[in-house]
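By written order: A, B, C, D and E. Residues from 1 in each chain.
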Amino acid sequence: MIEDGEWAQSSDLLKDYQDPGTPPGTLRPADGESGPSRVIVASYTADTIDVREIADRTELDGLRGDGRIHWVHVIGLADVALAEHLGGVFELHALALEDVLTLGQRPKAEEFDTTLFCIVQHLAYRRDGLEKVQISLFLGADFVLTFQPSGSDLLAPIRERLVKGRARLRQKGAGYLAYAILDLIVDAAFPALEALGDHLDAIEEGILEKPDQDDIEKLQSARRELLVLRQVLWPQREVMGRLAREEHELMPEDVRIYFRDCYDHAVQALEVSENFREMASGLLDIYLTSLSHRLNDVMKVLTVISTVFMPLTFIAGVYGMNFDRQQPWNMPELGWRYGYLGFWGVSLAGIVSMLWLFRRKGWL
Amino acid sequence: MIEDGEWAQSSDLLKDYQDPGTPPGTLRPADGESGPSRVIVASYTADTIDVREIADRTELDGLRGDGRIHWVHVIGLADVALAEHLGGVFELHALALEDVLTLGQRPKAEEFDTTLFCIVQHLAYRRDGLEKVQISLFLGADFVLTFQPSGSDLLAPIRERLVKGRARLRQKGAGYLAYAILDLIVDAAFPALEALGDHLDAIEEGILEKPDQDDIEKLQSARRELLVLRQVLWPQREVMGRLAREEHELMPEDVRIYFRDCYDHAVQALEVSENFREMASGLLDIYLTSLSHRLNDVMKVLTVISTVFMPLTFIAGVYGMNFDRQQPWNMPELGWRYGYLGFWGVSLAGIVSMLWLFRRKGWL
Amino acid sequence: MIEDGEWAQSSDLLKDYQDPGTPPGTLRPADGESGPSRVIVASYTADTIDVREIADRTELDGLRGDGRIHWVHVIGLADVALAEHLGGVFELHALALEDVLTLGQRPKAEEFDTTLFCIVQHLAYRRDGLEKVQISLFLGADFVLTFQPSGSDLLAPIRERLVKGRARLRQKGAGYLAYAILDLIVDAAFPALEALGDHLDAIEEGILEKPDQDDIEKLQSARRELLVLRQVLWPQREVMGRLAREEHELMPEDVRIYFRDCYDHAVQALEVSENFREMASGLLDIYLTSLSHRLNDVMKVLTVISTVFMPLTFIAGVYGMNFDRQQPWNMPELGWRYGYLGFWGVSLAGIVSMLWLFRRKGWL
Amino acid sequence: MIEDGEWAQSSDLLKDYQDPGTPPGTLRPADGESGPSRVIVASYTADTIDVREIADRTELDGLRGDGRIHWVHVIGLADVALAEHLGGVFELHALALEDVLTLGQRPKAEEFDTTLFCIVQHLAYRRDGLEKVQISLFLGADFVLTFQPSGSDLLAPIRERLVKGRARLRQKGAGYLAYAILDLIVDAAFPALEALGDHLDAIEEGILEKPDQDDIEKLQSARRELLVLRQVLWPQREVMGRLAREEHELMPEDVRIYFRDCYDHAVQALEVSENFREMASGLLDIYLTSLSHRLNDVMKVLTVISTVFMPLTFIAGVYGMNFDRQQPWNMPELGWRYGYLGFWGVSLAGIVSMLWLFRRKGWL
Amino acid sequence: MIEDGEWAQSSDLLKDYQDPGTPPGTLRPADGESGPSRVIVASYTADTIDVREIADRTELDGLRGDGRIHWVHVIGLADVALAEHLGGVFELHALALEDVLTLGQRPKAEEFDTTLFCIVQHLAYRRDGLEKVQISLFLGADFVLTFQPSGSDLLAPIRERLVKGRARLRQKGAGYLAYAILDLIVDAAFPALEALGDHLDAIEEGILEKPDQDDIEKLQSARRELLVLRQVLWPQREVMGRLAREEHELMPEDVRIYFRDCYDHAVQALEVSENFREMASGLLDIYLTSLSHRLNDVMKVLTVISTVFMPLTFIAGVYGMNFDRQQPWNMPELGWRYGYLGFWGVSLAGIVSMLWLFRRKGWL
């Protein structure tokens, strides 16, 4: 959740970090997580599938090596003992487990002896801004292990496709399941980008109609969200590129061809976000020109008023002078029969000609 | 079509996308398409050519392997069954067919077992902005398959060249036909760029003559179109570069030499669009300086008026004071014979010298 | 010629292009060219040289293979039949000939079977802006073929060096002649850059002295010329780099060493033009600060005038009030002996102290 | 310490340097250092550990080759003789020792015959700005040598982990100790970045609430600190990347896997600092828009006041004129029964309608 | 010398160039050089050294091959015959000699058959701006040849180190001498950068205290000097990188290790100059905000004055009206006993409440 008080904070750009000097591979519960974790296990072959939620972690012990592929999905990152237990069962590296429990990681893919480890970020645009949820995935020969922090199960659509009768998803091994999961997460960026795009359009409309300080704060917040997006989408693209390109025994050739598609989507999401950044920085310029326009309008009103009334006030002042009327040359106009009417005639003529001039200059 | 209401929307930068979690290779009609598709088939050897429009898709079944080269052009992307049928006849990969039916794709070239698959975007500048039309092309040993969404047949000029007696186009196999089609699409960017350049020139002229908020909206819309252009032209260049560089059995050496030319054009189109972007961002600066100029002009008028009339009004006010004329030192000027004339003399001298000063300062 | 009406147009950034769909290798006269072409042939060995202008193109037929090196320089690009004839005699590729006849090409170097083909742009700064002239060059084992559009012979200095007794130019084969020609063209950028630099300095001086809208138009025009420059100089550098680096049978090692020098110059020209671009974009900022300065100056004058005269006018207005002097508390000042003098005293003291204050604030 | 007087100076970006022409490898005390150095030696095997502080440098002579790993940590860079002595005992290159004694170095990793030499910068955010402390590290087969300038012992947490019973740190050789030290230093950037982020947030809040010149100075200082950060973090990332990637006999494969983690952190720190830079440059734009807003507000007040009172003052001036009331057409209003009340009626109506107009325009 | 009249000119960015079309290798005296050159020869072995200045160039003929290393340093580039003579004695390539005599070259390193040729630029910050002096260096198996334009001997410190008893410099061959010279020149950038940094700090202080047009000219001049710096430091870094990286028989492995150090310094100098450029462009923004601040201040004064006095002047005008006092409703205030005092009471209350309001708004 990016925006939490009034606008996005700088610290949203930082990952959680342990105190410098902490030994590597030290596990501690992820920030802001508490309570037990949910563990959902799906075990399948091409023909059969068994989905169940596990309460006791020792149920995981006998899973491996029964010829089925197991997908273990863990929701909640507070249970360090569970993470360690999984590490033991599936032979995971301690550094990788530490990364799983540290939120705000940069997306990455790493190879360990028998597993492939990825971290990606699932993006969504909520009412209060962009939300990123860190999904960690371990791929082994016959298992996929995924972790997400607390919240609703983001990978449920995959499990549904898995369950549906005779799904292609069950025919193709653990690598293809990993693809399906990563594809879901990469594609989740598009609705988020669409919502962010609509948000930018709304800001632009607001700026063009009536620019105020509030728009600037919204814009600044949107720019920060775009920075977060970039921080996620750049390395996500890299991760997909590596999976599509590099040969790996866990990723057979016919699965890699699907990652090419996934890579294309990651590139497109990144390009769109870069274009949004450019648009957002263009909006600030537009804001400034809008302000200048308004200032010009205000100044024109002031100038029109001053230009019309200053000379008239001077003339009225002149005929309010008390020069001694005994002297013949002193203010004879005051004695004229139509002096006053003449004064008004001159005044109105002045006003009218000024207004005509300003209209011609386009100031009205 | 980029501009559809008042100005281009952010969402024009996004491609259509399927709901995250949809299985890959799921075919659905392309957005905004409906009704049956037109299928135009041209079958030729170096000496003979036969062009016809096909109503029943089963007519396509016997085409392959008769020694002729077949170019099947499909207009309209709503008929999923047709796409699947073509996929069966020409052995196309399901992921590629999914891309064909998803509009807003990034240009790309991909190799599959027996076919080469390209997506490119045909650009045109219509009355209401930049229009991009997605053309998909499959190249096989003896066939070329092209798809475009509904609209008039964009590839008709190629078919005309094909029909014309003893055309070089018929002498050189399917790869050269694919080149001819891609070359047409790459070159279509130039008239679009020319129109966009004229549009930018018109905006610049407008800004330099009389900057108003409307210019800013036009400029913002043009910048967004340039972002779309870049999104198309960068990968298009890459596609042509790969086709010109990489050896492929479907692209003999003597055809690749033509793609070098095509690549040059793609590079040039890209460079021009990048330069246009730089110019467009320069226009905003010019707009701001124009506004500042105008503000300066308005302020000068105000200052001239104030500087001339404030002192005069003060003097007129002085002689309107009611100091007791009985006291000899109180306002003797009022009793002078030529007091009033003197007042006007001083006033006019003040006005004239002020105006002379301002003219020297260049404020008039 | 970049600037043709009032300022440089966007379309100056576009090359000429044929209608999309035109078959590749279609020759048509270059834009804006007409009339017959001049053909100047120089045939030489180390010891002898024969320079002549040819009227009938069949005179070219017997040239090749007589042991001499032939340099054919063609001025004028309207004569398509001549181009085709040359293509036949020297075995040139149709795509290359099409490029020769299409103006506004990006500089490039291409290898064909027996020839090396380069396009470069000769730059000059004329009274009405930057002028680029497209020079095409074919290098064969025993010939050099050059083309330029109509105009005075740009390569005459090379021919003079060739003719001069015992010139090194004649000792070293066709590759060295090609080097001499390309070196001339690369070096021609320096006087053009110098002129453009002087132009920028003049604009800067104008802006610092007295910024007006005219400077902005000049600056915008100069920036567009710098974009054109970059469009030429980037690929020109690349061309020289390739010629200096890549081994080629037509370019012996001892000639390539000279191209290293040529490449250095191309790099330097490019760097200078990039620095000019940075300076030009800095000038706009300076322009804006100049405008702000002027606005500040105007506002200070207005504020000084208002601050001095508004209080005084108020006081004068006070003593123009008609309160009933019968009441003892009503305006007794009006009856004082030195009331009027006191009023002036106060007024002058006010003026003087205000001006002193403003001088201290640095507003005067 | 970046900020030392009022704001960060340009010279903070420069390293100390010796006079040009000084022979390489010339040792002189580091700038600003004086007094003796502290030398803390930790000698350990997997099972035993001995930590002591050494007063006499000859105690170091017999250390090498006793089968234990020695970590010598030197605090203080004024004692050139000590440095030379260490150079002799551990066979260090003179150039490396010169770098150790020159503060402000760019982080780097260099290989010498038998040692690996790194320079990194430990970052901390103190009350008076960003502080960088240069840590130099030599890694040999059985020793680690570290240097820091005067100050409290930054590496104490590592020594504590080393001493703690059965620490993994003691099981894995000198390379793993070097990793632990470098990891500590890389991770130290995160608290510093967090503090700097909070500082930027505070500046932003200040700007949005009430922009003044002081914010600009703070912002400028923060931008300079970000430049320093980048100068440190870019090469630091490179150093970690090389250590993670390049095979080296002193760095066994199972230690290199830890450097991958370290590299990830270095990348993340760099990305965060780059995003901060972008945010900081965005803040300046926001500052400018805030100023424009305020100017607009001021001008609106001025315009409202002028527009309301100028016409009224004119009318009051009119009825202060002294036209001869004997003439019937001269100022008959003055004799009307309700003239004065009518004047006030008109005035109030004018004021009210003006204010209503301005409210509708949004100026109030 | 960059700054020569009032501010740096664009042409300072251009190198000297010969007329396009001049044959390569044509020697002519360097621009602005005249008179004879000084030639200082140092011939040494590890044990002996002989330094002398040579008047007659034929003394150079017998130098090579006597087992000693010869360092010939030439000051002054007007004597073309001397250059040609040296070219003959040391077998230098004509193109390299041409580069030596052409000032304003880009730093570069080139290999010829038996010599290594470098051009570097010695930077210094003089009272009137940045000064760059072109040093050319030829390295052969047993000689080093250096050239500098007229001026004091920049390489004297090297010669002193050479002469000093048992200098390491004499033990290590010509390559190490070349290193010592290039190291001196690379390090000379640091004092120049320090001076330029101080200059930037002074400009910043000026801008923050009191921005005027003069600061802008100074800033613009500094930015141009930074462009020159970059033009020198980028390729200088490249030169050092090549010398540190590429194996070459004239540069033994143990000398290359020193160039690594030299490369580090070149990188650091470049980074500092890039950071200075960023700071300089930040200064312009600060300048603009300073101007805006000042404008805001001026406008506040104007608005305060107007807001206070306009209503008061209106009221004074009201009581100066001549409504017929015979009518009971006409201006009864004028007849009140304390009317005048009441007027002043209202006026003062108005002034005080306005000032209080403005103070609360922060305008005072």
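The rule is simple: contacts are C-beta pairs under 8 Å (C-beta built on N, C-alpha and C of every residue); 3 or more make two chains touch, one makes a residue touch a chain.
Quick caveat: nothing in here was measured; it's all calculated off a predicted structure.
Asker: Tell me, which chains sit next to both subunit C and subunit E?
Answerer: none
Asker: Which chains, if any, touch subunit B and subunit C both?
Answerer: none
Asker: What's the rotation, in steps of 5°, that superposes subunit B's Cα atoms on subunit D?
Answerer: For the C-alpha superposition of subunit B onto subunit D, the angle is 145 degrees.
Asker: Where the CA atoms of subunit C average out and where those of subunit D average out, how many Å apart are those spots?
Answerer: Distance between chain centres: 41 Å.
Asker: Taking each chain's centre as its mean C-alpha position, how far apart are subunit A and subunit B in Å?
Answerer: The computed centroid separation for subunit A versus subunit B comes out at 26 Å.
Asker: Note the residues in subunit C that touch 2 or more other chains, in rising order.
Answerer: Within subunit C, residues 288, 292, 295, 299, 302, 306, 310, 313, 317, 320-322, 331 contact more than one other chain.
Asker: By the touch definition, the chains form a closed loop. What is the full order round it when you set off from subunit C toward subunit E?
Answerer: Once subunit C is placed first and subunit E next, the ring gives C, E, D, A, B.
Asker: Give every residue of subunit D touching subunit E within the complex, in rising order.
Answerer: Within the complex, subunit D contacts subunit E at residues 9-11, 13-15, 17-24, 93, 95, 99, 106, 108, 110, 210, 212-213, 216-217, 220, 223-224, 227, 231, 284, 287-288, 291-292, 294-295, 298-299, 301-302, 305-306, 309-310, 312-313, 316-317, 319-322, 331, 334-341, 343.
Asker: Can you name the residues of subunit A that touch subunit B in the complex?
Answerer: 157-158, 161, 167-169, 180, 183-185, 187-188, 190-191, 193-194, 197-198, 200-201, 204, 208, 257-258, 260-261, 264-265, 267-268, 271-272, 275-276, 278-279, 282, 285-286, 288-290, 292-293, 295-296, 299-300, 302-303, 306-307, 310-311, 313-314, 317-318, 320-324, 326-327, 329-331, 362-363
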